[in-house]
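Comments concern the structure below.
Chain naming follows the written order as A, B and C, and within any one chain the residues start at number 1.
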Amino acid sequence: MINNTNGINYTNLILRILLYFFLSVFVLYYLLPLFVMITTSLKSLEEIRTGSLVALPRNITFEAWGTAWSSACTGIQCEGLKPYFWNSIFIAIPAVFISTLIGALNGYVVAQWRFKGANMIFALMLFGCFIPFQVVLLPMARVLGLMDLAGSISGLIFVHVIYGIGFTTLFFRNYYVNIPSELVKAAKMDGATFLRIFWSIFLPLSLPIIVVTVIWQFTQIWNDFLFGVSFSEAGTQPITVALNNIVNSTTGVKEYNVDMAAAIIAAMPTLLVYIFAGKYFIRGLTAGSVKG
Amino acid sequence: MSNWLEKHLPKIVLGPSFLAIILFVYGFIAWTAWISFTKSRLMPKYDIVGFIQYDRLFDSPRWDVAIDNLFIFGFLFILISMFLGLLIAIFLDQKIRIEGALRTIYLYPMALSLIVTGTAWKWILNPGLGLEAVVKSWGFTNFTFDWVINPDFAIYTVVIAGVWQASGFVMALFLAGLRSVDQEIIKAAQVDGVPTFKIYSAIIIPSMAPIFLSAFIVLAHLAIKSFDLVIALTGGGPGYATDLPATYMYTMAFSRGDIGQAASSAIIMMLVVFAVVVPYLYSELRNKNDQ
Amino acid sequence: MSSILKIKDVNKNFGKISVLNDININIDKGDFLVLVGPSGCGKSTLLNCIAGLEKINGGEISINNKDMSEVAPKDRDIAMVFQSYALYPTMTVEKNITFGMKVRGISEEIQKKKLNEVAKQLQIENLLKRKPSQLSGGQRQRVAMGRALVRNPKLFLFDEPLSNLDAKLRVEMRTEIKRLHYDLGASMVYVTHDQIEAMTLATKIVVMKDGFIQQIGTPFEIYNYPENIFVADFMGSPAMNLIGATTKKEKDHIKIEIKLEDGSTATLIEKSKLKLPKDIIIGVRPENITENGSKKDSNFQYISSKVDIIEPAGSDTFVVTKLGNKEVTARFHSETDVKIGSKVKFSFNLQKVTYFDPKTGQRIK
């Protein structure tokens, strides 16, 4: 960074103060919605109607949270977010595991075992990451029906795996490409086979990229809405769809506090992952774009 | 036998994924394209009839709104996100003590589902109880901020929420880019007496051209795919004032039972994405092959 | 004489580019073959072909008189040491060395026995529980050699193993490798771009350029009888002087004329029966151009020329002058007192001079 070697320089001091001022303004901008969500969820409807958006709750109540979790209405059902939270878990965990495993093996092949056409295959897979998914919604709906997976959790797992492979392969390939190919040569000379080399040499080295990939995939799949809303039915919807149903349900009184509580519940897992493993998350975000 | 297996194992391992991509990406695109040339309504019909779906599409006032919105939203979203991201990145580059904490705060929106983001901002922009009410309560009784329900301004609320979600990511990209500039060049400039501002504008920012491109591609991609955000924030409304091609397609596919329209709108979306992404991917892959 | 490696008419190409052309090499058991040449000459590719890590497009390679065309690297009874050592980063030194045996299903007792033998031989017994990242460059190199030794192969392959080491370590390890060769009587194929390594380690040298063999021979032959200008220039340090000159055939000798810096011409008399063309290039090593002493042998003829640069190098002093428009380096005694700018008599040992045809680059025999 740029070093200023002056002593107490008033222009610098003023600039510094301005700098921190602007950074604080941005902090407010980014934290405002979170603040509003939390405070609103802890207020009673009465207080919301009569009070100010940005005021702290006068009487903290967790009633909205209880409603959001177990009795909010997502259409005809009024079971709260609980069943849908579990749907998302049952979808995300297998999908993350499978797509990461496949991505690791694919990345290993593309990075270290050149054969004719491998690069072309990789390019085609990479390209597939960039398509707007609208263009596969219709045929996928039909195919899921044909495979008898329409509206099922397994169907959603299937969809997320298929469309996650492009990214996971990219992550692992970029990582494995930096492992010297002489390791593979030495292992070949030692008599190790393709799978043995992966298991004994590459996999032990892969912890950083596994973490990045898992975090990325989990965030993508948990936060997904498009596939969720297109391929699920009332009982199998993921939490994002349920949340939207709660918030946008046209029946009854708008319970803003319940809406906010529900939003926080839906956001909690990925937010927690971000807070505790944030730097790996950022590495994942920038892995494809900067390093390339 | 096992020698043959060993020799071909790499191909065998990559095979299923490759086949899956061929079928579920390219095959599906082809199917959708096919349908877009037919008279399909509720059920697919496979007789090609030409461009009537596209004619209907371009004649539809709702689609016009969607495309207009895409450009307005896309343009503002990308521009403001990049500007804000760059600005914050430059600020953060100034050796701030709490940089780590600040970075965490600026980036956390990216961890949220767009449904959550839309929900939160929908509440904040609520005319009766949200920001409008707060500002009014501070004495500005004539202040109105009812964009969310105003057909002419609703699309800008999507911009506000979208920028909030994505600018942190752009900031992270740019910060990494700012820091990857060769320190020696900067030192040489400082020795030459070049002022800080000029160092940024004449040396650092131009050398970050590839990162600008990456950020642009990612943002453009996000903009074109924007579906979740609109559904949560405005539901496409009021009416269809905040429709985007993504929501148009969804409505046609699952509410109106008009899959011919859904297919054609999806294909148009894909072509727009192509136009942006293909040149970028091509140049990237070519660079990598040269190395 | 038992042939351990036979390379016959081997060709290899990557697409349209030919990287190995008509390679023919034979070595016997106990030989230390060095493949040397500039970057891109094909030496590493040839080594990989011998190892079976790359396929050849023509010709055949036999190890121990068995054709290797269908044989996988692990079955060729060879071991390889890589430039970057290629130690498995997540395994201890012990596991690195025994990995190959483990894969082959060799019993644990034998693994342990061989591990201890090799560790003792290379003096790495105290490093066995460490991981590669905890080792110095020289230690890593020894572990890499240990991994190769433990296989008791018929042929050791080395791919520029010393390039990543600093100068002092490089000299130490070079001696170790030479000692290993002597102790084991093993057959080795060694790739390097450093001609000093080649000269000191090899029993046989193959000089390569652009995928072609330039010359095969013992270090002595390569040094004293280079086949062409490239070999002459590439091998030996400091490099061989290559001076352009013209010839005039006289009755019973050939007059060689060299242009001097001041425009005049110096003359050397070549008495041998060689047929020299009009334009030639004289190749003469610095140690064969000395300070004019009392040698009255007709093989020593002198040229008077102006001293341009003096480089004291401890045991010798290198004196540079300009002959035939080229900078020529001579090797004088370290006690010499020649001064820059003075005209000095440079004594040429014509018995040790090589003549090259400038058009073909080949040595004139």
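Heads up, the rule we're going with is that contacts are C-beta pairs under 8 Å (C-beta built on N, C-alpha and C of every residue); 3 or more make two chains touch, one makes a residue touch a chain.
Just so it is clear, the structure is predicted and the values come from calculations on it, not from any experiment.
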* **Length of the shortest touching-chain route, chain A through to chain C** => 1
* Would you mind checking which pair of chains has the most C-beta pairs in contact? => A-B
* Asked: In terms of CA centroid distance, which chain is the most far removed from chain A?
  -> C
* **Whole-Å gap separating chain A and chain C, where each centre is the average of the chain's CA atoms** => 57
* **Distance between the centres, which are taken as Cα means, of chain C and chain B, whole angstrom** => 59
* Gap in Å, rounded to a whole number, between the CA centres of chain B and chain A -> 15
* Asked: Among the residues of chain C, which are close enough to touch at least two other chains?
  -> 72
* In the complex formed with chain A, which residues of chain B make contact? -> 6, 9-11, 13-14, 17-18, 20-22, 24-29, 31-32, 35, 44, 88, 91-96, 102, 104-117, 119-124, 126, 129-131, 133-134, 137, 164, 168-169, 172-173, 176-177, 186, 190, 196, 199, 211, 214-215, 217-218, 221, 224-225, 227-228, 231-232, 235, 245-246, 249-250, 253-254, 259, 262-263, 265-267, 269-270, 273, 277, 281, 284-285, 288-289
* Quick one: which bits of chain A touch chain C in the complex? Just the residue numbers, please. => 180, 182-183, 185-192, 196, 200-201, 204-205
* Asked: Inside the complex, what are the residues of chain C that reach chain A?
  -> 48, 51, 53, 72-74, 78-80, 82-84, 86-91, 99-100, 103-104, 147
* Quick one: in the complex, what on chain A touches chain B? -> 1-4, 19-20, 22-23, 26-27, 29-34, 36-37, 40, 48-49, 52-54, 102, 105-106, 109-110, 113, 115, 118-119, 121, 123-128, 130-140, 142-143, 162-163, 165-166, 169, 193-195, 219, 222-226, 229-230, 240, 243-244, 247-248, 256, 259-260, 262-263, 266-267, 270-271, 273-275, 278, 281-282, 285-286, 289-290, 292
